[in-house]
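Following this line, the structures themselves.
In the two complexes that follow, chain A is the common piece, with chain B as its partner first and chain C second.
Right after this comes the complex of A and B.
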């Protein structure tokens, strides 16, 4: 009986965790786009989320774009075939990558020896972790170089070779690298559910 | 003239005649020629006809001949046809019969095939069964051969035995013959035999007793040895016991001393109680008391020590007893062993006895023979030989027996060794095993060392790998490294792509425009002469018909698109404006209605800024106000109204009110309110009427 029950619980957890992670990506992307001024701040409106106000875009095209990405990312997360998501901010004029916001997606290995599963992480704790990350994203403005040129952004998904990719929508692309000699990296906080562990990092171009 | 006239007619007739005659002649000649020719032709034809007839005749002949031939041939053919028919029929019949036979043969073939298959099947089965049988038979033969070999060996052995037995039988026969001869010779034989019997009996009994006594002796010796051991044990224990006794005695003495001391002390105490005054003696008493106490303490100590000693001794005693019991057990086991050994010895001795008896018997026999021999010298030669032979045989048998004994001893020793347990036998094996284990341990130790080294190296490796992993993570972060087996994907329709597409499009457009302009410039350069007229107007609007091609199509398109976009924008703006106007109109209507219903006044705004106010209770009471000029008012308030006109109607005391409110108080709201009140009263009065 116990063996039968365990997988279903696992499945539910996986799905729930996937949804949580996907939602986090949505708000994180919105926060970055707002904070880094990729879109005009008039386009954003405030939404209560994770016990704080988060700015979310009202631009229909952008919303649509994010939704399409996130629905695919959700599928990939369920199959465990996505390892990294990158939001790259690119200069419009020079087409140079200015910032790369990297979110590592790791599957949390369940401890092999314990037969009884450890107590599930309370959602409030996860939300607190997410809140900390979002706050940290906001606070990165203090040290990131000021962007005074028009920018666009792109979202890259690092997937396994074997991943199921809808070929008409997704294409292999350049990783939009920042030159190693001109890059700085700052590791941000991470958060984890019972299934996933998301580690955030920002790499930016700095010509000091 | 007539002649002439006639003449011409005549001449012409004559001429005609002549011509006719000539022509007749000519015709005649020609006809004759024709006739001749036709005659010749007729002759020729006749000849030909004859020839033909001849030919015909010949042909007729030929024909007839041929007809004959044909008839002959037909006949022969008919004959042949009949023959063919016959033959055909015959062949048909033959074919039919052959077919029948073929089908029959096929049937038989099928049957035969079936039979063949069944036969082959049975054959294969038989073959397989035969093979299996063969195998079993081989096996059997092998076993039988083995058995045969065994039997052969047995038979050989038996044969050997038989031969031996025969030999022996022959020997015995010879002996018997000789003995018979001797028996026949001697009459005192039974007597000797009896005597021999008796002696043998005696010998046997003696040996029996001897064996029994020897066994007893051995047993007793064993017992004696164990008893000796026990006795020694006992002696040591007794010695200890004596020590204990001494101790006990000492203990008793000490106790007695103790009692005495106690009594003395009590006495002392009594004495002390009786005479406290004896202070002179008290010092000595206390001294003795203390001495006695010391003694007492010492004695107590001694007592404790002795008790402890006693306990230890008792424990020793118990240990000794246990040891004795163990030794007794050992002794009993030894006794059982000795008994078993004695039994064995007895059996051996019994056998030896038997053998000796036999020997004795044989010796007696021999002696008797020799005695007989001594008495009878007549058959000396042969007997001598026989005796020698017997001697030899006896010695041989004795040797064999000795060998037998040695072998038996060896066998026993081997059995004993066997009996004493596998441990002794497997000691070498154990040693070997130990060695092997040691080797294995050494090997495993080495392996462990290696594994440890490997683990160390792995740890180092892990460290370096972690370092590289860290670096690579950084590289992945900056995007300059993509891990193997990972694809980097993005949506085809992403904002960056859209931006680049847009830029590309604009670029392309500009490029096209540029190209067209360059082309145009070249054309103009080629044209040369017209440059001055067209220069500076390339960017003018394209509506000018003769200069239509001066602006390139591409730039025109761009402009057109821009124009369209702008028009679209204008349309949108207009729409918005219209919407705003509508909203404004509705709002202002609402506002006016609200003013009318709240203040009882209708407002109408004129485009020049004037406002007409009409009371809803009296439509004839209307006033027009104009915003006062800003300069006039100074800066007190933005828009003050000024009454500029009024209608004819209105309340009767309007001029009065006007004077009071407008001119004196300068309060238009108050004026309007009073006007509203008056108008209301008036309208009410009119309604009542």
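Right after this comes the complex of A and C.
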């Protein structure tokens, strides 16, 4: 195998990157659900993560639900078959999509000239990027329209057609898109590991 | 039919399967003709991607036309083995060759449409305006077509929404759990809580209060009827003497209830047109000072049951009295505090001016060195207790003036076992108990209570004190010192705010009175092993006091 015993922190592997990205989705989803009031705020408690406090749900049912989804996302990330994750916030009564939080998952192509691998990205830098995204999600509350109706959320995964799908758990669905004429889009920051690059975007219904 | 030559072209036949079956969807999937079924069978075999990646597609809620047809065939057709073989056969090349194959097979598309056109009456719905093969090919590659009947619509949708081609949009099969509590409701609750909420009961969320808490009897050990008890925060209408007798003022009458015997005697009545506003026993329990609404201070001999003298001079109601040996101090409605020397004819020996509001809390330290007073002006004053030889008209100034309270200060108590400590509690807007060091003037502790503080008493034997409270809790609370933790609490001790309180000389019972015209006795602390006995005052006027010292209660 490898002659050089490189410390694990130096080279981030696909698996490590996948776990990192999955974890990011977990906290991002929790942050969105809290900030947008999908679940009552007293369901959330503060945890230290990425060098800041993040609000994470205490609701066991929701926790398990997110875990089940993310474990599958984790598998897809490993095979590289997921290209986009969407958290849609939907009006509970009218089923109208109010917001779509889109996370594009791009695989970072290894440099064509495989002479020397570029210096791996330090984890602190990745964490800082993640922190910026989460902070940006929090700050979007300032411009997103106020949601004053009960809402539910849905998580969509855009996969390649060839992706392995556990059939009775995941179903094809409507993309829950917002009509282009009534939607505003704001691009958020992105972060990248050595393997993945996550680009975030929020689209929201804005009629005015 | 044209299906037979199409058998080898597996990918093309997917659209074969779709096209003829769509009308049969209209006819509720039941009228699938034999020929089309056969063709579908082949078509589905030839579509390993659907077969493989969606093994349980019949269970899916979103009805995919092709997969439903597929399932129907499998059940009826009896071609499972062949299907297995072929599909398994076909799995490996899928990922690498799929698109390429699709493209290469795109040419037969027009033929399909022709056939569809000729076969079904509803089929012409599927002839799109665009007759080039690319459109059908594009549609074919799109995964959107699963739940759409119209490919044209699919194309438009794809263009409009930007749904990626060659991808699937998947959602988890179950809906996210609904919130355990209604968010709107919980928000309302949060907003409304401070308005009418009573603070949490004893095992509070902080958890720390429980470790020192102890159970006390929340039922009174004795209840006496007290008709006519005035519901006035500023008055002080109960006093418990070292002789174990409780003096209670009800309107204009003063009653003595002897705890040892349970006898009640009427001590006397206030003069016509006024009422009793305060009572206080002298340290030895032989005399009772009675303050009147008209400003007079009366001195009564308990044993003889007669009035010894009346000390006039105040202009306002005497809301509070406090004894220090031969000096009876009175707090007046005009904010002045007078020291009356009960032995001498010119009784007013000193006047303390430090309050701009009515003085409703007044307490001498047990050693007589200091006097603490609280008033309706939210001020706590601590005075030097040395009256000394100053003549009449001498005026004192406060040693400390504390303005931390934000409401009237009625509850004043000196700590019996640490003489420097003074506790004071504020009224409704304040509801805070402050503990002061009278030597340095420092505020040592503060504790916020749920309701107005109407009285504070230190336990003589324990490092605890009790406080009585008004609306909304109407509670008696016991706090530990110095941790200030709540040790015990009796909620709703009275039906109205607990206004007047005294503790027994033995230090185990507390007596409370309230506007609900009840006098209740509570077992707050255990009977102490050592009975507290007031040191006898030498220069007390020699009168008919029997120092029998029966201090136990029953």
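Just so we're on the same page, the second predicted complex is superposed on the first by the 195 of 208 C-alpha atoms of A that agree within 3 Å, B and C clash if a C-alpha of one lies under 4 Å from a C-alpha of the other, contacts with A are read in each partner's own complex, and residues count from 1 in each chain.
By our rule, a contact is a pair of C-beta atoms (placed from the backbone, for glycine too) under 8 Å apart; a residue touches a chain by one contact, two chains touch by 3 or more.
Note that the coordinates shown come from a computational prediction; the quantities given were computed from them, not determined experimentally.
**Q** Go through the superposed model and pick first if A:95 touches only chain B, second if only chain C, both, or neither.
**A** The first partner, chain B, only.
**Q** After the superposition on A, what does A:152 contact: first (chain B), second (chain C), both or neither?
**A** both
**Q** Output check: A:53 vs chain B and chain C. Expected answer is one of first, second, both, neither. What do you get?
**A** neither
**Q** Thinking of the overlay built on chain A, is A:79 touched by chain B (first), by chain C (second), by both, or by neither?
**A** neither
**Q** With both complexes overlaid on chain A, does A:71 touch chain B (first), chain C (second), both or neither?
**A** After superposing on A, A:71 lies clear of both chain B and chain C.
**Q** Which of the two partners, first being chain B and second being chain C, lies in contact with A:37: first, second, both, or neither?
**A** After superposing on A, A:37 lies in contact with chain C but is clear of chain B.
**Q** Please indicate which partner A:139 is in contact with in the superposed arrangement: first for chain B, second for chain C, both, or neither.
**A** A:139: touches no partner chain.
**Q** Examine A:164 and indicate which partner it touches, taking first as chain B and second as chain C; both and neither are also allowed.
**A** Only chain C is touched by A:164; chain B is not.
**Q** What part of chain A is shared between its chain B contacts and its chain C contacts?
**A** Looking at chain A, the two contact sets intersect at 62, 65, 68-69, 83-84, 152-161, 163, 165, 168-175, 177, 179-180.
**Q** Can you name the residues of chain C that touch chain A in the complex?
**A** Residue positions touching the partner: 49, 53-57, 59-62, 64, 94-95, 98, 143, 146-147, 160-164, 166-184, 186-187, 190.
**Q** Which chain A residues qualify as touching chain C in the complex?
**A** Checking each residue of chain A against chain C gives 37-43, 59, 61-62, 65, 68-69, 72, 83-84, 150, 152-165, 167-175, 177, 179-180.
**Q** Sort out for me which residues of chain B touch chain A in the complex.
**A** 474-480, 482-483, 485-500
**Q** Give every residue of chain A touching chain B within the complex, in rising order.
**A** Residue positions touching the partner: 62, 65, 68-69, 83-84, 86, 88, 90, 92, 95, 97, 100, 102, 152-161, 163, 165, 168-180, 183, 185, 201, 203.
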